[in-house]
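Input: structures, listed below.
The two complexes that follow have chain A in common; it is paired with chain B in the first and with chain C in the second.
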Partner chain A sequence: MADKKIGCYICTGCGIGDALDIAALEVVAKKEQKIPVVKNHAMLCGAEGLALIQKDMTGEGVNALVIAACSPREQGEAFRFDTRIMDRVSLRELVVWVHEQADQKDADTFEEDRNMAAGDYLTMGCMRVKKMNAPEPFQDPGFSKDILVVGGGVSGLTAAREIAKAGYKAILVEKSDALGGHVAGMHQVSASKPPYRDPQPNPIGQLIAEVEGFKSIEVIRNGDIINTAGAPGLFDVTIKTPSGDENRRVGALVVATGFKPYDPAKLGHLGHGSSPDVITGLEFEAMAKAGKIVRKSDGQPAKRVAFALCAGQRDAAHLEYCSSACCIASMKQARYVQDAYADGSAYVIFQEIRTPGQMEDFYRGAQDAGTVFIKGDIQKVATGSGGLDLEVKDKLLRSTETLQVDLLVLATGMEPNLDTQDPNVPAPVKPGPETSHTTLNLQYRQGPSLPNLKYGFADSHFICFPYETRRTGIYVAGPARRPMGIAAAMTDASGAALKAIQAVESVARGAAVHPRAGDLSYPSFRVEACTQCKRCTEECPFGAINEDDKGNPLFNPTRCRRCGTCMGACPQKIISFANYSVDMIGSMVKEVTMPEEDDEKPRVLVFCCENDAYPALDMAARNRTPLSTYVRVIPLRCMGSMSLVWIADAMSSGWDGVLLMGCRHGDDYQCHNVRGSALAEIRLSKVSETLKTLQLESARVRMIEVNIMDANVVVDKINQFVEDLSELGPNPFKEF
Partner chain B sequence: MAYNLSFARKVYKNAEMGHWIKMCMQCGVCSGSCPLGPLGAWEFGPREIFQRVRAGKEEEILGSGAMWMCTSCYNCIVRCPRGLPITHIVHGLARYAVETGKVKPTQPTARFATKVFWNNIVKTGRVGEAALSMHLYFIDGIGTGISNVLEMKDVALGMLKSKRLNPIPFRGKIKGYDGFKKMLDKAFELEKK
Partner chain C sequence: MTSGNAAHKTILVVGGGISGLTAALEAAEVGYEVILVEKNPYLGGRVAQHHKYFPKLCSPTCGLEINFQRIRNNPRVTFHTLTEVEKVEGSAGNYQVRLRRNPRYVNDKCTACGDCAKACEVEIANPFNFGLGKLKAIHNSHDMAFPNRFVMDAEFAKTDAAKKLVAVCPVGAIEPDMQPQMVDLTVGAVIWATGWQPYDAAKIRPYGFGSNANVTTNMRFERMSSAYGPTGGKIQRPSDGQAPASVAFIQCAGSRDHNYLPFCSRICCLASMKQATYVREQYPDAQVTLFYIDLRAMDRYEAFQKKIEADPKVEWVKSKPARIEENPANKNPIVIGEDTLTGVRYRREFDLVVLATGMEPNAALQPVPAANVPTDDYGFVVNDGGGIIAVGCAAGPLDVAGAVQSGTAAALKAIQALAQVKG
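This part shows the complex of A and B:
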């Protein structure tokens, strides 16, 4: 953009004007950074201040903004102008608030340091805007807003219904010839309405009818997805049906493939296989639905029924996790026995009862109906004269008792009915039809399945972004994501449907989905300089980059979440965003003037994750936590975008140390971009060699984990680093 | 066979407040709150009483002294997260044990309550403490009676001195005894239903 005209506006409100030498700051912007329009105002976010900026934009032709006021996390609505080139310099939080308590003895020095900090931040802000171009949103005439729902069970049906209700077209693919999934085989369902005490009629028939009644839902039965190519907005899905292959262009996918019941044949210790009267919960549902609760062995009425909970769940030898729905399902099934026979007895043999939320009332309802709850282990199942003899070690009676029943129902757990892959072992497969068959058959360089984290469930951030997978535009809902019951699955499906709608709408605008929702920028690749090292295609946490036969990156903009991990990974520096690049941050680092060694004013650079560490720092600032005046903070989109070039730039231009503040990584990661901080740490492990070639101590660069709750310790950690650096003495490169 | 529900169902139906037993979730807050627990005074606390009822252990429960130890302090009722009227359930079970004749004849509280105290109060309409104590001390015959009296004499003298014990037995009946009698008769009638 050749005709970029930058305006720099300094707010003097919120104590900024009292604490800082505003005239000196204006000199920095005007004289040093050569910004044509530099102004200050006592309250920039007020109507008058905003009008001042707006007037310059319309009158003076200012089209790029440096707003030096509060943190970019504040007043976002107010400072919304018709320009895509803007930087917010946080004078209030990062300077005034954290540098408040001047030591009386050397108040002058303190004030000088504080003004230097403000000047440096403004310098970096001006440089950032100088290096910034307006991002052009990615557009494609082929964008589709249709949403493909995989799986016609209760989750998939709900998702399709919600999509249709919101005015979008849904394509529902079911692998069998009937809709309804496991729920279709159930007699009743647990309570979803007050007073939450008794089972309710099965809603699946009504749900199916509702879905079939929508003109905007296309149902494909006996469908098998054999190929999913493309990217959000541009997914091309091939569905194999008995009457030939169907191709559909869709914007996003909701994967609601549900669960597989755990194989009861592995539960010999609970008597499975020893008698036909040991059955699973789903078999019992079928019996109740048919109105025949009888012994399988001889057809006699089954008036005494025991339910074994945790039939394999929370057992290291079987499923390590809780399946969440089985306690409630068994309580419901116990009611079938009492409903069928006035003198029926139902026993629930449990480890711990888990009835979250309103289901505690359902538990009460089951107790009120006379269900006996026995905390204990089934030690032996034998066929006796009058049915099955269960030897139960009752932990509450502290004794072993024999319980005689007609049926033993095993509440088997849920396994995801969805193939996933370990992301730490990236499948080195090339996209192509020859790859083995998976649920979605994704044409992604990183493999045909969704990445998992634990127990084979698709990875999702279970607190912040529960439906997001590591593949943009593909949302997993229901028990395919984690074990859950019907009510939870329906809520889940609605959530995933809304995320899918959000994705197709964002894609249509050329904008990113979370965590940089609305971001229009995306990386561009200077492919002619590519050395085919494949780091970007391997490291992208979202599998956005495919490869051609030669190993060149084939970028899919709509798969991208704009974290910049590819940019940080690229050793050739060929990847950059219009408004975020290696050169930009490097220039900011180099632009800051380093004080002479004799001044004894060290400079410490902090690269800080904008998602977690930066808000923590803002909160610390709000608490007026005193931070060392030698520190300068640069927020990054993600630690994954951290380029080692910047470390080299900082060291060679005289910074005394660099601190990286990223998110927790590992199995319980908190990184918004899944692997960004982990990759940064790996990259950093290689930096000590670089430092050695510069004859510098590796202790000058440190990475720490900071989470958003760390407001009370984040400043201490930075100050500690500054103190540790003072033992190393100044960076010898200062003199050059 | 354990967990035969016929006993539990009888208790739910016939024991006062007995139907609440099925609502117990066995958390044990009642037993942990009972001031008698640390004294080792009972064979088992309320939680275990309830689980034994559900497990069908009729003889063990009704013959036990567990529910006779309750002093009605109401700690358990106050603390029960499920809102069970535990004190009342325990008393109901005790009474049920008497009604069904399963209570052990040697159970001291049962004997005191059902024979000594009850007869004393019904006769006149109020408790005559001297007669009540004498009746209790001599419940097992003259020999143990004398030793009981000797053992308690200092307490009794102290109570006499502070006018807490009236040595002259209460004669006659309380005012409005007819009404009191009518109430009792009505209660018996209701219970028979």
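This part shows the complex of A and C:
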């Protein structure tokens, strides 16, 4: 681009002009920061104010903007200009609103302090824009928009069909020689349309036919993925087939490898193994599909069938969780008995009936069809003269009875049919085909498998953004992600298909996907200065960075989510974004003038997460909660991008203390980049050494976890820190 | 206003709750133009009113903030608050839609400086808090409202007091004369994401909501627990403001019942377990009792149930209470019923009772204004493969993760509807 010409625009509306010395601010921008164009306006976000900026951009060649007005979280639509170089200085929220009235100090000092705060924020905004370059989107002529779907069961088939229907090419890889997965072996399915009461014909045949009918779907049967290299847009996948290896370049993956039924051999307490007439739900489906609901022991009609729910589930000795689909599946299977035999009887022995939503009507349908529901436990299974004798303790009748049945069907649960790895355990340093054989064999520094969330199911940011995983462009759908029934798996597969399409389209634009969707920046690595410490490759929450043989980082821009964790990790400062760098924030920190020690005006720097702590501060500002005038706040992309260099910069340039405000971490973490705040805390544990070399107290640096709704708490904690620092006295480096 | 040339490539999303927000953003991030309309003055829907999510016990605002950032950063999403859909005609790829934009009485110049609210002397019952507590007749809907823009109460707008506020605004944003506007546009697909409202607990007469002050509902309890709610986060008895020593949660209050809502609302068991943690956190000595039919903590939520079960001060009673009386002496609700596990009849007094009321689909109360959009007996919209796609709790009761999945899938269905038109 042409030379950068910065324009600085100061809004005087919303009380800014009344509270602050605008002429002094203009001096800061013009004289101190040498910004060529500096103007103010009474309502910058109004048509006239925006036109003023636009006019300078078209007429004066202004192509980089410092807008000193309200919080960057406000008026985003208004301040949308044709430049990628802009900073918003929050004079309204961070200066005027949190410093609305003088308390304890006399009015003159308060006004002076408030103006100093405004000047410092403007100084930092100008410095930020001076250090900012326009990001250029990453492009590669080899980008593919094809999508690989792993698994040919109902989830994978649905994903492939939905991808094709949206106009994209899908490559469906199925490990066996047949499509349809577990559902192909089922007689009927439950109801997903009104009146929701009765089982419905199995749609799998039609779904397979549809998939096979699409020219834009390539089906590879007997396919085994032996290598997944590359990155979104550029995945190179090797599929081993009986007729040789197939290589495909794809843009994204949908992983729909489904579930494994829990091993019934572990359910001896429910009679499995002691009689052939104790079978699993899937075995019963096969019987019903074949039209032969009979005792396996002697081939006689099985007219009395009991269904044991939660077989090996919700049980610390087996699967701890609920597989969520079994109640409905067993009710459906009970109907097979009644359909097959006019005098058939079905008993469902349950702990809790879980038929959420409109499936309550499916429960009613089962009750109306004559299914007997018993809340209780099967205490003993024995082979009797006329079949199986079940000793059932009925919790509602408070009695134990023997129930004679021909078959006992165990509702065994779902285990993910996918290898996952603990994201907190260090992965093999060198990825390669020699590492253990996994579902995808990912060529990732952080290991060949997808990260685990819990119980072996694939990781996801599972309340607000369930499709977001730590492997960009790879979306897990169906019961490999979470136990679920057929209808839920089909919806889930459609969602995952959308995410895969979105990934390939974002890659094509050179833009990031969630949570910084649309961000065009990405880090560059000055590898010649790298010391092979591997912190960046280990800490990247998304596995974006591989290593070469020497331990140098091999960066995959399209895997990157732009959180900056690598930048914060690097002790050599070799990782920078065009618009975000260690030098940029460090320069901002150093540019602020420190008052003389005698002035008794301490300076406290707050680094906060822009996603949670910063909005909490904005909310405090909306409520005019008073914040110490000695505080200066710098929002970061994520606490993971926090560099210890900035703390050293702050301390050596005379700041009295540094406070870090990140998100909650641990099992119920809230960091949108998974581990940013946790990593910042780990880094901080090493900061006392840095401080020691400067002969400073470690209490000058503190980190707190903040929730976005902690507006009042945030202000209290900052003010408390300022007070605690006063006990330490001023930073002795002020003198230098 | 009519839309531009690329009409058939635009997706209309109706409803700005978590399902609609998700559908809109997921489609826009693929590269499609999206218009999002919301009837409230703010986006975020029901989740914005929640104090915490189960099972992480984190704030819904955290995820909403990311979604709002996504909107701010994406020029492909246009949104209109206080807007409803009057009618939809046409077919997939070519829908003519009429929107009704209700007046905010505050125009786009508003900077949310707050001068008007400071000057306003009239207060109204706070709609965001279900009428609990007061706020100024010109106000910001709630502390984290997006867009951050004030709104004037429609009744107040007719008064002289409203007209006097016009001069208070430094940027001329207040317009008490603002009228509703009709806007016609053409879109290619419509995503119906109108969500749910809490079932009216007053209809469950045996439980005495409305007459017994200390019988409240789960959504009101959610607001009461929020630091930004009507009590500043203090859980208290509505009758006297006292801290409750015993709190009962009554599951399936109006749900799974042919007299009220025959279906299961899916989330109420977990919501009550979550709310039990609010009580136990605030009052370490308080006793919580949960009356239930079946505990529905599906898949890994089982671990959340186990966590609550480990609390010795949480008692579980398998029973659907028959009725609730009031002790006239202390206004304590008395819960009456039979424990189905022991067969013992009980008559138990609590300081506070929370009814776990279910989800009533908004589409049952305000049907989709288009021909041939099927619904089930409960008013949930049934997806039949057309270009009007129901999503989230407009189609059935879901938790937040389920609503997000559904919203993401709906974005794909909408894109397919547009792709078909392109041929």
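Simple rule for what comes next: the second predicted complex is superposed on the first by the 726 of 736 C-alpha atoms of A that agree within 3 Å, B and C clash if a C-alpha of one lies under 4 Å from a C-alpha of the other, contacts with A are read in each partner's own complex, and residues count from 1 in each chain.
Rule of thumb we're sticking to: contacts are C-beta pairs under 8 Å (C-beta built on N, C-alpha and C of every residue); 3 or more make two chains touch, one makes a residue touch a chain.
None of the values given here were measured: they were computed from a predicted structure.
Partners chain B and chain C, once the complexes are superposed on chain A, run into each other and clash. When the two complexes are overlaid on their common chain A, residue A:S345 makes contact with chain B while staying clear of chain C.
By the touch criterion stated above, A:P203 is placed in contact with neither chain B nor chain C. Shared-chain residue A:D368: touches chain B; no touch with chain C. In the superposition on chain A, A:G495 makes contact with chain C only, not with chain B. By the document's definition of touching, of the two partners only chain B reaches A:Q404; chain C does not.
When the two structures are aligned on the shared chain, A:D394 is found in touch with chain B, with no touch to chain C. Of the two partner chains, chain B and chain C are each touched by A:I353. Look at A:P595: by the touch rule set out above, it reaches neither chain B nor chain C.
In the superposition on chain A, contact of A:G185 is made with neither chain B nor chain C.
When both complexes are aligned on chain A, the segment of chain C among 45-53, 117-125 or 333-341 whose C-alpha atoms clash with chain B is 333-341. Once the two complexes are overlaid on chain A, the chain A residues touched by chain B in the first and by chain C in the second are 353, 396.
Taken together, the chain C residues at the contact with chain A in this complex read 18, 25-26, 29-31, 53, 55-63, 65-70, 72-75, 109, 111-114, 140, 143-144, 148, 170-171, 226-228, 256, 262-266, 294-303, 306, 340-343, 376-378, 380, 382, 396-398, 400-402, 404-406, 408-409, 411-413, 415-416, 419, 422.
Within the complex formed with chain C, the residues of chain A that make contact are 13-15, 43, 45-46, 70, 73-77, 80, 162, 165-167, 193-196, 314, 320-324, 352-361, 395-396, 398, 454-455, 457, 462-467, 482-484, 488, 491-492, 494-495, 497-499, 501-502, 505-506, 509, 513-515, 517-518, 611-612, 615, 619, 622-623, 663-664, 668, 670, 672, 707-709, 711-712. Within the complex formed with chain A, the chain B residues making contact are 1-3, 5, 8-9, 12, 22-26, 47-48, 51-52, 54-55, 82. The touching residues of chain A, when paired with chain B in their complex, are 345, 347, 353, 363-364, 367-368, 370, 372-375, 392, 394, 396-397, 401-404.
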